[in-house]
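Listed after this line are the structures, all set down as structure tokens.
Two complexes, one shared chain (subunit A), two partners (subunit B, subunit C).
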Partner chain A sequence: MTNNISYQEALANYKAVAERPLPEVNYEGLLEKYHPDYFKDACVQLKIGPNKGDICHIQLAEMLQADARIDEADLAGAQVIETDILIIGGGGAGCAAALTAAETGARVLIATKLRLGDSNTVMAEGGVQVSIEKDDTPQQHYDDTLRSADRSVDKTLVAEMVMSAPDVIRWLIQQGMQFDLDEYGDLLTRKAGGTTAPRVVYFRDYTGLEMMRVLKEAVRSSEIEVLDYVPTVELLSDEDGHCTGAVLSSLEDNRYKLVKAKSVIIATGGIGRLHLNGFPTSNHFGATGDGLVLAYRLGAKLRDLDSFQYHPSGLAYPQHLSGTLITEGVRSAGAYLLNAQGERFVDELQSRDKVAAAIMRECAEGRGVDAGNGIKGIWIDTPGLELKNPGIFNARFPKLIKIGKKSSIDPRKQPLLIYPTLHYQNGGVIINKHGQTNIPGLYCVGEVSGGIHGRNRLMGNSLLEIISFGRRAGIHAAKYSPRKPFRKVTIEHLSRLRRELMLADMPMDPKGPILFPAYAKFETDSDYSGLHKNIKSK
Partner chain B sequence: MNQTTETLINATINGKAISAPEYLSVIQALWHAGYPRIKSVGCLEGVCGTCRVLVRRQNSQNITTELGCQVLIEEGMQVNFLAFPTPAQQHYKLEDIRNSWEVQNNFHTIFPEAENCRHCGGCNTTCPKGINVEKGVILAAKGRFREAGDLFTECVLCDLCQSACPENIAPNHVGIFSRRVTAHLHTRPSNLINRLERLRKGELKVVI
Partner chain C sequence: MENVLNQVLLHKNSRVGADYILWKNSWGGQGLKNAMERPADIVSMIRDAGLLGLGGSGFPTHIKWQAIADQTNTEKYLICNGNEDEPGTFKDRVLLEETPFQVIEGATIAALACGINNVVFYINPNLKTCHEVMQSALAKWLASEIYHNALQQGLNLKYTIVASSGHYIAGEETAAIESVEGKFPFPRGKEPRPTSSGVNGHPTLINNIETLCNVPHILRNGVQWYRDLGIGEANGTKIYCLSGDVLSPGVYELPMGTPLTELIFNYGQGMLVGKELKAVFTGGPSNTILTEKDLDVNLDFKSVSERRSALGTGAMIVVSRGTGIVKRVAQYVDFFAAESCGQCPACKTGTYYMSQLLGEIDTGKGSKADLDSLVDLCKILPGGGRCHLLDGAVKVVDSSLYHFLDEYKESLNDDLN
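Entry: the complex of A and B
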């Protein structure tokens, strides 16, 4: 165990200075040695399913290869609901898909595990990437995305996304979303780490909140039907392998509902609440990767299952706020990162994977700050930024000021202790430009899908992706669904899953999707009528 | 800083006696003590508005409304989680408002209760974000939508103001309507519009 420098001593080493030169930084082998994606034993080979033989994070593999929560007997007598388009997930991607599809007159139902809008979208702070500055182009946006991805991406998806970005912003404004504007009414832009031009448009450090409450309000004031508190536990299929609906489980009355749909759009987001490698997370309580599990079982192919984003600036101290995000906007505005000796150690606007790995290197080599109880981290030099740019925190980062109040630390006067926090699932379900998967009738949009971010996502590309691809899936599903007939609904694909599990000699006791993190004690819930329990009486 | 023994705090949450370390929020404390809690849990960062709680602090007559993820456990504190029934909502489409002269009349059709505000201040008292909700409603009723909307910058749509209003005004939705209509009718950034035009003319392409 490396001995880092104590909080008090490190604080004494710290002095607010407006300008600090960047030291020589060695990036050679940095990721391989310090990024959690490369941790030994972090990954295994999948033994069953469409990605059999592929490398996958061990915790995700356990879920992808888990048994289903239900069997035939559970469906007897279940309430049946019919709709043209079923959308699973009520975050930004789901709402964008729903609003777009409903505009055409299609019947749309959103089913969400918690409440509409309970999502990672609402927590996003930084902004949305869109090339609108004079000396910026969609090509540069494309090039930056590819360079930072550090692995093959689906180039068509990236090209489609960057070209649609300006129209995405226009659509958001039409829905009633506000952005920070300059004195002439132009959109203000800031620079994201790993990019060549200022390209992120934003609303304070509340970009996701502003986006989500506008979309939520648009959905709630429309004809779109919304079911809250109904986690999806299984998809439905017919004999030809089409996706034909889903099985929902109500947290209200402990009953299953069977939704027959002509198209299903999965928009369930990411998996931060699995706390991969024991990391804290910046993610929403419901981010447990349900969509990945459901789609995989039905035969949808996934990609990049060993690649996750650890956001460099998760709050490390105080403990009750551990994992809370400090937006990259603070670094992009010019805040430095300093080790316990009060020195810079990385170009703060390098891509997120490198900055995160560099922070872990400082702490592994004894230059980190030790705050006791196993808490370690490095400083984000907020007082230095305030010195350089007086008033910037009040004007641009009100959420951070609030976080400071809860921590009893004024970020304008004292630096905050940060450490990387599990932030984003880079890979996911393989889709085409309409959000279609290889399963007919099944779409995936947003964080649950893969192919756009490679091994590292740029700030502002996720809020762009959810709207860009949410709208595409909504348009496509609405065009092809309403005239189609309903198909047969079965859970025949579960026989295949169970056969495969048996043949691979895999355990049958883990059940998925897990729906909630273990510490919420969902499976032993006695407070209110919960979900069907999978604890079989022995 | 390097504390080895943790101080445990005793509080009552949903009628259950709980002991938990002082640095935990009331949600974390409930989990810590081994009780399940799924509903009324959301972002855990104070922006989703799900985890509404009633709080009475030791030796206080006052009951406050707060967000559970934002309240640290205190000695003798009594906490009750509030259920979250999603109330019926106004139906409207921004597209149906054809120009800015019509907004005010449209507003009063959508929110007929808004002009009945009794100035009781209940909405302000319940707001966990300290928003001047009542002023926002009055501004909106007078057609000052930009000014009204600005007051709701921090609103997380927790609906507490709605529960508090004796006239059944939905003040938070008044606020979001005000914000939306302002952007919908008035946000017209020239840098965005120029870029959209260049794309429309096919001047910008991406080479894969």
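Entry: the complex of A and C
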């Protein structure tokens, strides 16, 4: 194994300079050799389910092919709740779907694993892509998205999304969301990596947090019913395979609740807390891929199960903040990435997969920084940016200043050590332009769905996606839900799963979805009592 | 051991779909040919073979046939009943989809035997593929050599395919007649019987698809062959629909009288994930429940009825320990309540009331008084409807109370007592 350069020595190598020319960079074979998606050992073929035979990440495969957590016996005596539309997940996509569905007069219930707003939406910092500048068009937005994804997208979905983008922003502003504005009150834009025009609208470096604040308030002041601390452990189906509701597990009293619904919208987000390939993650605590598992069991078809986004700039040091995101906005504002020798090695505004792979290449070939305890990384040249653009951090990146305080490093004076962090699940459940899956009555929106970002996502497209498709699914589910009385609710599909598992000679002991990462240690951790106090005080 | 699975109706020679050539080159048309040679003997052959109504009743087929044959009316109808809508029953759709010529040939022989001139294939509209396959097969049949030979020998028949209303109740004999007449499938009172006055007042024979499918084979191979197929006193074969918590659910054509344990553990490959068997809902949910001690029962009409149950359609819904019986029964009674046509007050209100009570008890909101009401309903409701829907609903509740009363009591909310 190549030895990297020590933290102190690398810091000595570093000098803050405002302008640095871009060196010749070789992108040939970069992804194949260094991007984790291409690690051969990390993938297996699925043995059961609608994607049988497809390549899938090994950790995800274990979950998709796990046995269910519940049995028929668990449903005896369960409380039954009836609603028109059940939304699983309380992030941006779930709230957008709930709000639009509720507007039509439908009864809407949001069930969240933790609390409303505990989501990756609040983690999103960079902004929302929308072609509103006069030199920009939705066509360019479409072309950029296709190019960065290497054309592996569902083109209809991308076209629908880019065309709806201006309306999404208008809707968000109507809901009360703030954006950074210029002196005339027009939306400020910045350029995302891998794009041809400044197109990202933003609010400081906590765009997602602001979005979630507004959505959450809108939900709380509506007729929408919200159930907190009720992870969904299974979907319900009828004899025709329609999705007819879900089984929730209440953390409060460890009992199951049955929700009968005319349509179910899954908006459970991503999978970062599985720590694929041992990577740290920028994702929130609940991102354990529950929605993928639930939908797959019911027969929903998935795609791109071996494709994940590793965000280039996750904080690597200090260790307790490992994985925390440093927004791409910093790079798009002009910050350079430097190796331990203090040299640039990549065009910082290349698409994320390439920048991440280039960082891993530096560290693999001995030009990275070694901070001990197995921590490695490269510099993000924040002092250089401050030099070039004094005051920019205070004005535009307050969250970064706060991260600096927590780690006792002033990013305006000292560069931060970063390393790619597991950020986003590119693939997911296959949907159409209304967010419908191949299972009648089941919708998927947000990160849990696949096809919009192909195999590499552009900055700012996910905040756009969750609102664009969240709203579509909400409207469609409300409008086209059957008016008939409720269908049957059974977990018959679990017999099919168990049959397939037995016939494929698979182990029956892993149970899914996992709901919380293993290190949560809910049984012994004092945090759990904190969680309980939270629930009790409600 | 001799392979006894899928010997006749589901034999690969029978399962040719709408492919006329394949069917003709296997054993197609031979039964009809024999029937045309001595039409007067058909009913007695069916009698001697001991063919029973396989739609659930187990009623001797020849009695109905003879009754129709004895009618002097010149217009007579045959309704081939493919309304199949009972939970856990899925055999007729397999026969219609995969063996349409077998169905047509059986119906033609039945018509010949009874002097029937109108054959109606009465099929559930939700079974779309069955409709398509039957349309295609019937068109080929009408153009076929076999049919034309039969025409020349004096066969005079009109075939139609009719979509039923799709209601469960539309499978009831008299409801089917109403439906064929173009009305809502309200079951009629049982006098006059369809054999004397059915569709538009004409004598009408109603047979299940599976029953009719057996006919060509009896004509082709003879009475003794058919009798030898069965186990013990039973004759022929039966298509069992195995579902629930078994590893390999599906349709299995086996000798009539095959033991239940053989069906579940040999053909169904046993229980799922090492679960233990708790109960079997036989013949769809409108029957009494079998439990573990009944596993050795031979699955024929007589043996099953000796265990206070009934073979019914041959559906076997297996449930394992861990399955809430109250929840299951509640689901089935919900089904009956939704499917009740509503013309008989006892059925309309009785099924609804039972479904409410079961729902309360199942969700932990039931009191002892609710349970007592349920027990009382099981005593007063039977016989309160024109057809058997109400009786079926009561039977499953009554039987579950008989076998699993403790489970009902555990589900009660003690605070309400």
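Definition applied: the second predicted complex is superposed on the first by the 518 of 538 C-alpha atoms of A that agree within 3 Å, B and C clash if a C-alpha of one lies under 4 Å from a C-alpha of the other, contacts with A are read in each partner's own complex, and residues count from 1 in each chain.
Please note the rule applied: a contact is a pair of C-beta atoms (placed from the backbone, for glycine too) under 8 Å apart; a residue touches a chain by one contact, two chains touch by 3 or more.
This is a predicted model, so every value here is computed, not measured.
Q: Following the overlay on subunit A, give me a clash-or-fit verdict for subunit B and subunit C.
A: Subunit B/subunit C on subunit A - fit side by side.
Q: Which partner does A:Gln174 reach: the first (subunit B), the second (subunit C), both, or neither?
A: The first partner, subunit B, only.
Q: Quick one: classify A:Tyr519 as touching subunit B (first), subunit C (second), both or neither.
A: first
Q: Just to be sure I read the superposition right, which of the two partners does A:His320 touch: subunit B = first, subunit C = second, or both, or neither?
A: first
Q: Go through the superposed model and pick first if A:Glu72 touches only subunit B, second if only subunit C, both, or neither.
A: second
Q: I'd like to know which partner A:Glu239 touches here: subunit B for first, subunit C for second, both or neither.
A: Second partner only, subunit C.
Q: By the touch definition at the top of the document, which applies to A:Thr137: first (subunit B), second (subunit C), both, or neither?
A: Touch status of A:Thr137: first partner only.
Q: Going by the touch definition up top, name the partner, subunit B or subunit C, that contacts more of subunit A.
A: B
Q: In the superposed arrangement, does A:Val80 touch subunit B (first), subunit C (second), both or neither?
A: second
Q: Based on the superposed arrangement, let me know which partner A:Met502 touches: subunit B (first), subunit C (second), both, or neither?
A: Only subunit C is touched by A:Met502; subunit B is not.
Q: Give, as a whole number of angstrom, the minimum Cα separation of subunit B and subunit C in the superposed three-chain arrangement.
A: In the combined three-chain model, subunit B comes within 27 Å of subunit C at the C-alpha level.
Q: State which residues of subunit A lie in both footprints, the one left by subunit B and the one left by subunit C.
A: Subunit A residues touching both partners: none found.
Q: Note which residues of subunit B are touching subunit A in the complex, please.
A: 1-3, 14, 23-25, 28, 31, 34-39, 41-48, 50, 70, 72, 84, 86, 89-94, 149, 153-157, 173, 176-177, 179-184, 187-192, 194-196, 199, 204-208
Q: With touch defined as at the start, can you tell me which subunit A residues reach subunit C in the complex?
A: Within the complex, subunit A touches subunit C at residues 67, 71-73, 75-80, 239, 485, 488, 490, 495, 498-499, 501-503, 508.
Q: Any idea which subunit C residues touch subunit A in the complex?
A: Answer in residue numbers: 87, 244-245, 247-249, 272-273, 319, 321-324, 326-327, 331, 334, 338, 362-364, 411.
Q: For the complex, give me every residue of subunit A touching subunit B.
A: 6-8, 114-119, 122-123, 130-134, 137-139, 142, 155-156, 159, 162-163, 166-167, 169-170, 173-179, 181, 184-187, 204, 206, 208-210, 213-214, 216-218, 220-223, 228-229, 251, 284-286, 318-320, 324-325, 370-373, 398-399, 402, 406, 516, 519-522, 524-528, 530
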